[in-house]
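Okay, structure first, notes after.
In this document, chain identifiers A, B and C correspond to the written order of the chains, with residue numbering beginning at 1 in each.
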């Protein structure tokens, strides 16, 4: 037994309650097994205006509650589970509802039933409704906040990687524009030499023009990428004949391909026309074709094709180049993806721009490739609506 | 495995032990219990048992409310943990309770299970006026609406909500699924209130919508 | 008016006149069984009226949806809930039967008729629930 605890032999009546229960704000009653009130903290007495210790508790109740009381008393006193006892007590001629928690307990070897007044106020129910409504609102707020937090975290991540990418791109652009610019400046300086013969002069001017044209393409790509980003890429749709479009693209690149020892062939199995911006579709095919020529080794083959499929024409550019790893394919059309790689051939905007142009036409672009067995890029452009009727 | 967690959780609820109940949830999650299992095999049966205890006068209405509130807190914490982790699948759900429901835990479970699968589920909670619901449906064009009623006095309002949505959307009305106790024992009731489908619990609702919009 | 329109009108009247009807049912119960007042007093009477309000709230949807089983299931639940609080199933049945009489007296005949199937299913459900 812990120090300071004193065993008290409790008298039958009037002294059984622990001191702390005397100050309890609601009624606490100790009932002996026979149903006689053994002790009380006085709260029920003040409510009822009468003595209760030493009286049968049933005497305080109305008839129906007396029946319930008898059932409660006859329950197994060994049970330690509490139950709720709702009853009507007679108070100065009127009746009142009271709820008690009823607990059996052993007090110095004697079974006792303890009644603890549980709830005075049956008007709590409407308050619970209010509480429920308030809770519902809180739940909604919490869910919206959690969603917002996760959105912000994602946006922050996107922004951080965008900032990183932009820094890389600035470095690349600075490098890629600096090279040709240096060549132009050097050529211009050489042109000042009075001793230069007219043939050399001609060559230098040619070099300046070609280099500036290359820079022009890079600047155009940057502007296009920015337009696509802002969703304001201008598309001037007209009816364009597919075979002519494919052949024109092939002719533009034929010399370049032959110079590298590549066989460039066209296959157009369709005569339909598409509703498209001819210059833009040429730009897409040109980007794909230039990549294919750049990456395919001499002796290889490049095939340009177009065929009708439902409401679309599927254009394709196939090469026998090194192919693309499966890990890279999902990122291929992301802007500056190439910029993150060590071996790159350009600012890394070409495929992203191609995707932007194709999507602005309402088409889609994809690639099928395996390392070692070449790549085929596909893109679709919707056919002219008139033509679908035929 | 879930049975011992359920016993522990129910014991904590019965004792009104909020911290203890949340500790059980944390431990169960750490032990690898999935969110769906936690919802359907721990929370749901525990709350059902609490409801029976109240019906049988073993616990007071306050204790019942506390048990519900503790479970709401547990769900809020879980939601904060997984919200935004799923890859969006483009599907949207609006979920609302009829009238001033207190028994909205099941509907939140439906939302959470679908959000885990990539749905954009918006939980509108209780006491959503008809015209507000219709406005939301028109502006957000959800694929589906989930509505719940836990007691039959809320059914007329549920039916009115469905009618309002159908009147405003016509042929293009979203798929409407209902749940709640009045529907459990009567297959035909869902049709009578104008719903497209009925679910017995949160997992059935999630399964139904998953299959419908596969 | 079609039958279902009558049912909906009856259901709406039940909810609109809930206070009046709950009081009328309670008064009728106490008038038929004067012993109740002696037993429960005014407090019991108020509590009874609250219970009658709740019954009417559950009766209304069963009437509107023409689904007596809906009310029957509520009554089964109610009997178990009240049984745990010392209220006998017979008292529940009596209150439902009294509700039927009150509605017959106060509602137009067609609306009162629309409520009857649900009330009878409810009264019959008391026996089922008590037998469980």
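In this text, a residue touches a chain if its C-beta (ideal position, glycine included) is under 8 Å from a C-beta of that chain, and two chains touch if they have at least 3 such contacts.
Remember, predicted model here, so these are calculated numbers, not experimental data.
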{"item": "Leader among chain pairs (count of C-beta contacts)", "value": "A-B"}
{"item": "Most distant chain from chain C, judged by the mean position of its C-alpha atoms", "value": "A"}
{"item": "Chain nearest the overall C-alpha centroid of the shown protein atoms", "value": "B"}
{"item": "Centre distance in Å when chain B and chain C are each reduced to the mean of their C-alpha atoms", "value": "30"}
{"item": "Length of the line joining the C-alpha centres of chain A and chain C, rounded to whole Å", "value": "51"}
{"item": "Separation of mean Cα positions, chain B and chain A [Å, integer]", "value": "22"}
{"item": "Residues of chain A engaged with two or more neighbouring chains", "value": "86"}
{"item": "Chain B residues counted as touching two or more neighbouring chains", "value": "57-58"}
{"item": "Multi-chain contact sites of chain C, meaning residues that touch two or more partners", "value": "85"}
{"item": "Residues of chain B that touch chain C when the two form their complex", "value": "55-58, 151-156, 159, 182, 185-186, 189, 192-193"}
{"item": "Interfacial residue positions of chain B with respect to chain A in the complex", "value": "57-62, 65, 69, 72, 76, 79-80, 83-85, 97, 100-102, 104, 108, 111, 123-127"}
{"item": "Touching residues (chain side chain C, partner chain B) in the complex", "value": "11, 57-58, 60-62, 64-65, 67, 69-71, 73-74, 77, 80-81, 84-85"}
{"item": "Residue numbers on chain A that touch chain C, as the complex places them", "value": "62-65, 67-68, 71, 86, 88, 94-97, 122"}
{"item": "Parts of chain A lying in touch with chain B, wherever the complex brings them together", "value": "81, 83-84, 86, 99, 118-119, 124-125, 128-129, 131-133, 135-137, 139-140, 142-143, 146-147, 149-151, 153-154"}
